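Both of the next two complexes hold chain A, though its partner changes from chain B to chain C.
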Partner chain A sequence: MQLSPSWRVVFHILLFAIALSVLAPMLMVLATGFKPPAEVFDFRPWPVHPTLDNFRTILFETHFLHYFVNSVGTTLPRVAGQVAVGVLAAYAFARWRFPGSGALFALVMVAMMIPHQLTMIPNYILIARLDWFDTWQGLIVPNLAAPFAVFFLRQHFLSFPRELFDAAEMDGASSWRTLWHVVLPNLTPALAALTIVQFIETWNEYFWPLLVTSSDASRTLQLGIRHFLEEDFTNYGALMAGVTLASVPALLIFALLQRKVMDAFLDSGLKG
Partner chain B sequence: MSGVAHVRFDQTSKSFGATQAVAPLDLTVVQGEFTVLIGPSGCGKTTSLRMLAGFEPPTSGRILLGDRDITNMAPKDRNMAMVFQNYALYPHMTAAQNMGFALRLRGVPAAEIETRVRSVAAMLGLEPLLQRRPRELSGGQRQRVAVGRAIVRDPEVFLFDEPLSNLDAQLRSVARSEIRALQRSLGVTTVYVTHDQVEAMTMADRIAVMNHGVLLQYAPPMEVYEQPADTFVASFLGSPAMNIAPAAQLLAFATLTDELREALGSAHSLGIRPEHLAVANAAGKGAPASGTALRFPATLQRLENLGAETLVYARTVPGDLLISRVGGALKACTGAIEFTADARHVVAFGEDGRRIATRFSRGGTQ
Partner chain C sequence: MQHSGLAGPNVLTVRRTVAPFVYLLPLLVLLGLFTYWPLLNTVWLSLMRWNLNPGVPLQFEGLANYQRLVDSVLFADAARNTAYYILASIPLKVLLPLPFAVGIWALGSSGRIYRVVLFLPTLVSFVVISVVFLWLLNPIGGLVTQLGAMLGLPPGNVLASPTGAFWTIMALSTWKLLGFNILLYLAGLSRINRDQILAMRLDGASDWQVVRHLVWPMLTPTTFFVLVTTSIFTIQQVFTPIDILTRGGPFNATTNLFYMVYQYTFRTFDVGLGAAGTVVILVLLLAITLAKLRFLDRHVHYEQ
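== the complex of A and B ==
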C-alpha cells in the first residue's frame, strides 16, 4: 500500500511518539543513574555534572551484589534446565509415536495455557513442605521445565528434514547420537532464540521470587531493588544505577546470542 | 533368471492402516545387477525401497539378503548405503566429514577414514570440494558427495531414491551415465527408484514396473518396452506412449489378410508403438492385403515437427487418436492418410488388459 506523502508524515510522527514513549523511561533511568543527588529531580533529561557515585553506592554500600549473585545463580541453572528438558522432551514428541504421546503433548499445551498464578499455590505448598522456602532450589526446581520450550523445540524438530534422520540411522547413529551430532548442531538458532526468551523471562521474574523468598539469602535482583524502596532507601540516583546494572545481563545475553539467530537467516543451509 | 540372487522380497507387503501401499511382493535382484523400480507416485516403489533399507517394517513377508533374513534387522546392520532424493547431507559437516560419518560411528581409525574418503573423492572428482559444507556446493556437487558417502562405506547394496530428480536436465543425463558406469565398475548390487522412464531404460539391467502397490512386470528394459505385460506398462513406458485402441474398432476398417484378422481378432485391444506406425506413401496407399501388413485409414489432426522426427497425430474412422513417429520432417501430408503397421510389432491385450500371445507377436505371456 502506498501512502500519500502527508499521511506518511502523520504516521511517522505517530511512530516516533510511540518509540519515544517506550524509550523515554529507559533514558530517564539511564540519565538519573549518572546524576548527582542535587540533579535527580532536575527536569533536564541529562546529567549536567555526570558522576559514577551512584554506581559506587549501589554496588558497595547495599546488598546489590548479593542479590545479583542470587539472580545469576538461580537464573542460569533454571534456563539450562529448561533448554535441556525442552530438547529431550521435544525430541521424543517429534520423533516417536508412543502410547499416550498425543495425550502427554496435549498436557504440555494445557500447561502452557494455564496462567502461572494458578499453579503458584500448589507449587508454593510443595516448596513449603520440602522446606525449600527462601532457598535457591525453591527458585530453581519448580521451574526446571518450561512447556513453552517443549512446544517451541518440538516444532523445530518436526521441521527437521526427515531424510536426515534416515541418513543418520543408515549411517549407524543411535537416536541419542543423532540428537547430539546431527539435529542439535543444525538447530543452534532455535536454541539461541529459546535461551534468549527464557533467560529474559526468568531474569525479570518478580512474582514467584516474591512468594518464596524472604531474606537476602535468596532474594533476587528484581525483588532487591524493590526492597530498597521498602527500606526507605531514597537515593534515587543509586536506585536508577541499580536498575541500569540489573538490565545489563539480559542485554548481554541478547547481544551474544542474537547473532546466532541472524546467522541462521543468512545461511539457511538446512534445506537441500 | 541367470545369476546369483542377492536381494529377495518374499511375499513382502506393507500397509499403512487400512491402505495397502505394497501388495505381497516377490522380487529377486541378481548379484551385481542394476534394478530400477519405476511407477507413478504412490505406486509403492519408494515404500519397497524403504522396507529394503529397514526404515519401514514390512506388514508381512520377508526380505532376504543373500541367504540371511534381514526383515527385522536395523538399517545400519544391513550393510546397505542409500542416496536420498534431497541428498540428506549433514548441513554442519564438510563434504569429507559427511562421507566419513558412518565410518567414524563404526570406530574406524581416523587415518583409515581419511584414506578411504580421499580415494573415493578422487574417483568422483571431489577432492577440491572436501572441505566445503553442503550449502557451499551446487546441486550436482551435493549429489556427488551423497554418492561418495554411499561408496565410502563399501556396502553390499546401493539404494537410490530418485537421486537425480533435483538436477536440471543436462546434469541429469551426465549423472545418469556416471552412476551407471560407477556401478558397473564397482559391481555392487543396486536398487534404484525413479519415476523417470529415461533413467529406467538407460540405466537398468532389469526394470520392475509397479502400480497401485502391485509389481506388474520385471524384465530387462527392451523386453518391458517391446512386450509390456499389460496396458498400464505399455502406456507408462515410452514417450509418446504406445497407441492402444479397441481391437474390434481398429480391425473393422483395416485392410489385412484373413489369417491376420483371425489372429488379432481374439484380442480385446491392440497396442502399437508410435515408431511402428507408419504413414503410407502415395504408392502404397490402397494396396491389397498381404503378409503381416496391417493398414487402416485415418484423418490427420496435426503434425509436430521435432527436427529429427515428426509426430503425426491422426484419428481413425471409429475416432481413436493415434500417434505415429516418423523420421525426419514430413512433407505433403494431407487430411486423409493411411497408417500401416507390421503385425509382428502389434501387441495384443486381453480383456483384463494383460498381454496375450498371437501367432504373429514376438513372445507372449507365459
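== the complex of A and C ==
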C-alpha cells in the first residue's frame, strides 16, 4: 500500500510508542538485575555501579537451581512425549480413513479447547491416589497428550503427497517403516516448530504445578519464583536477576529461530 | 525387506483396519484418563458434598450444590467480574491492536522490526510479569508509584483498592496479549491482494475508502475470531496474576469464574461447589464455541 510520507511518520510514531512500552519494562528488569540495592528503585535503565551480587544471591543463596533442575527435568520428557504421542496419532489420522476417524478427531478438537482448570479436581485426586503428589511424574504423565500437537502435525502430514504412502505400500514397506524413513525425515521443520511451542508453554506453565508441587522435590521455576514472594523475599535486585534467568531459555530460542517460533505460535493461536 | 506377495489380502486388510488404532492408542488412553474421564467425574462430583479428605465419605447432595452456588456471594462476584474482564478486553485487546496492525502492514518491510518486538511478551510467563508488576507498583519506591507521586496521585497500594487491583490485572494481561493479537490481525491482512488496492487507487479511491471498502470487510472474520480467543484467553489466563497479586481480592474484586472454582476446591475445600462451578464454565465455553462455529459457517472465506 502506497503511503504518503505523513502517514508513514504517524504510523512509525504510534508503533515506536507501543514497542517502547513493551521493551522499557524488559530493559528495566534486565538492568535492575545488575544494580546494587540502593539503585533498585532508580529510574535510570542502566546500573550506575554494576554488580553481579544479585545473580550470586539468587543462584547460590536460594533454591533457584533446584527449581531450574525440576523445570528442565519435567519439561524435556513431557515435550518429548507430547511430540511422540502426537506423531503417532497424527499419522493415523492423516494416512487412513477408518470407521470412527471423524468422531475421534472431533474428540481431539474438543479436548484442545478444554482448559486444565476444568479437569483439575479428578486429576488432582488421581495424582494423590497414585502417590505422585510432589513428584516429577505427577507433572509429566497427566500432560503427555497434547491435542494441539495432533492437530498441528496432522495438518502437516496431510500436505504430504499421498502417492508416497501408496508407493511405500507397494514396495511392501510397513506403515511403521514408512513413518520413520519417509514421512518424518521430510517433516523436521514442523517437528521443530511444535517442540518449541510446547517447550515454551510447558516452561511457563503455572496452574498444574501449583496444584501438585509442594517442595524442592518438584517445584518448577515458575512456582519457585512465586515461593520467593510467599517467603517475603523482598530483595528485588535478586528477584529481577531470577526472573531474567527464568526467561532466558524462551528468549534465546526466539533469538535463534525468530520466524519459525512466531509462525508456530500463530498456528497455536489460530487453532481455537 | 518384506515382499508384498508374502502377505495375503486378508492379512493386509486386517492390518489396515487395526493399524490406525494401534497408532492412536497412546493418545486415546491419555485423553480418556486425563481429559474425558475427569470431565464426567466432575459432573458426578458436582452432585456430592465432600471436603477433599480421602478419609471422609462423599455425601449425595443432588442439584442442591447448584442452588448453593448460585446463591453464594462469591459466585455473583465472580460472574460479574468475568463479564467485566471480557467487556474491558474488547477496547483494550480487540480494538486497540487494529490500527497498529494496519500500520505494520502498510509500512511493509520497514514495519518488520515491530513484529519482532511486539511478539516478545508472548514468550514471557505470567509469573514473571506479575513479579515485575509487584516491583513496579511497590508502595514504597516502586517506579510506577514514584511516577504517580510526580503526577500528584495520592500515595498508597494500588492493589489494596478494588478498582486499582482490577485494572492492574487488566493492564498486565493487555501487555501480555496486545502484540500477539496484532500478529493475528497481520495474518488476516496478509490475505488482502495488493493489486486490488492498486486498482482502487487508479479509480481514485482515498486512503479512507480503501480501509472502509476493502481492508475492513476482509478483517471482519479475523476481528470476530480475535474477540472469541481473547475472551477465552482472558478469563482463563488471568488466573496466574490473580493468584500472585490479589488472590481474588480485595473484596472479591478480581476473582473470576475460573479462580472461584480454585477457591472453592482448594481454599475452602468445598469440592461440590468447585465441581458445580466447573460444569457452569463448561456450559459457557460450549456456548461460545457453538456461536463461533455458526459465525464461521456464515463467513466461509476465513479458512484457517
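Going forward, the second predicted complex is superposed on the first by the 249 of 272 C-alpha atoms of A that agree within 3 Å, B and C clash if a C-alpha of one lies under 4 Å from a C-alpha of the other, contacts with A are read in each partner's own complex, and residues count from 1 in each chain.
The working rule: a residue touches a chain if its C-beta (ideal position, glycine included) is under 8 Å from a C-beta of that chain, and two chains touch if they have at least 3 such contacts.
All figures in this text were calculated on a predicted structure; none of them were measured in a lab.
Chain A is touched at more residues by one of its partners, and among chain B and chain C that partner is C.
In the superposed pair of complexes, A:Ala173 makes contact with chain B and with chain C alike.
With both structures placed on the common chain, the touch criterion links A:Ala128 to chain C but leaves chain B unconnected.
When the shared chain is aligned, chain C comes close enough to touch A:Phe43, but chain B does not.
In the superposition on chain A, A:Leu118 makes contact with chain C only, not with chain B. Of the two partner chains placed by the overlay, neither chain B nor chain C lies in contact with A:Pro5.
Of the residues of chain A, those at positions 169-173, 269-270, 272 touch chain B in one of the two structures and chain C in the other. Of all residues in chain A, those touching chain B in their complex are 161, 163-164, 166-173, 177, 182, 185-186, 267, 269-272.
Residue ranges on chain A touching chain C, taken from their complex, read 1-4, 7-8, 11-12, 14-15, 18-19, 21-23, 25-26, 28-29, 32, 40-41, 43, 84-86, 88-89, 91-93, 95-96, 98, 101, 104, 107-108, 111, 113-115, 117-123, 125-126, 128-129, 142-145, 147, 150, 169-175, 200, 203-204, 206-207, 210-211, 222-223, 225-226, 229, 236, 239-240, 243, 246-247, 250-251, 254, 258, 261-262, 265-266, 269-270, 272. Here chain C touches chain A in the complex through residues 1-4, 6, 16-17, 19-21, 23-24, 26-28, 30-31, 33-39, 41-42, 45, 52, 54, 99-100, 103-108, 111, 113-128, 131-132, 134-136, 138, 141-143, 146, 175, 178-180, 183-184, 187, 194, 197, 201, 207, 210, 225, 228-229, 232, 236, 239-240, 243-244, 258, 261-262, 265-266, 271, 274-275, 278, 281-282, 285, 289, 292, 304, going by the rule given at the top. The touching residues of chain B, when paired with chain A in their complex, are 53-55, 74-76, 80-82, 84-92, 101-102, 105-106, 133-135, 139, 142, 153, 166.
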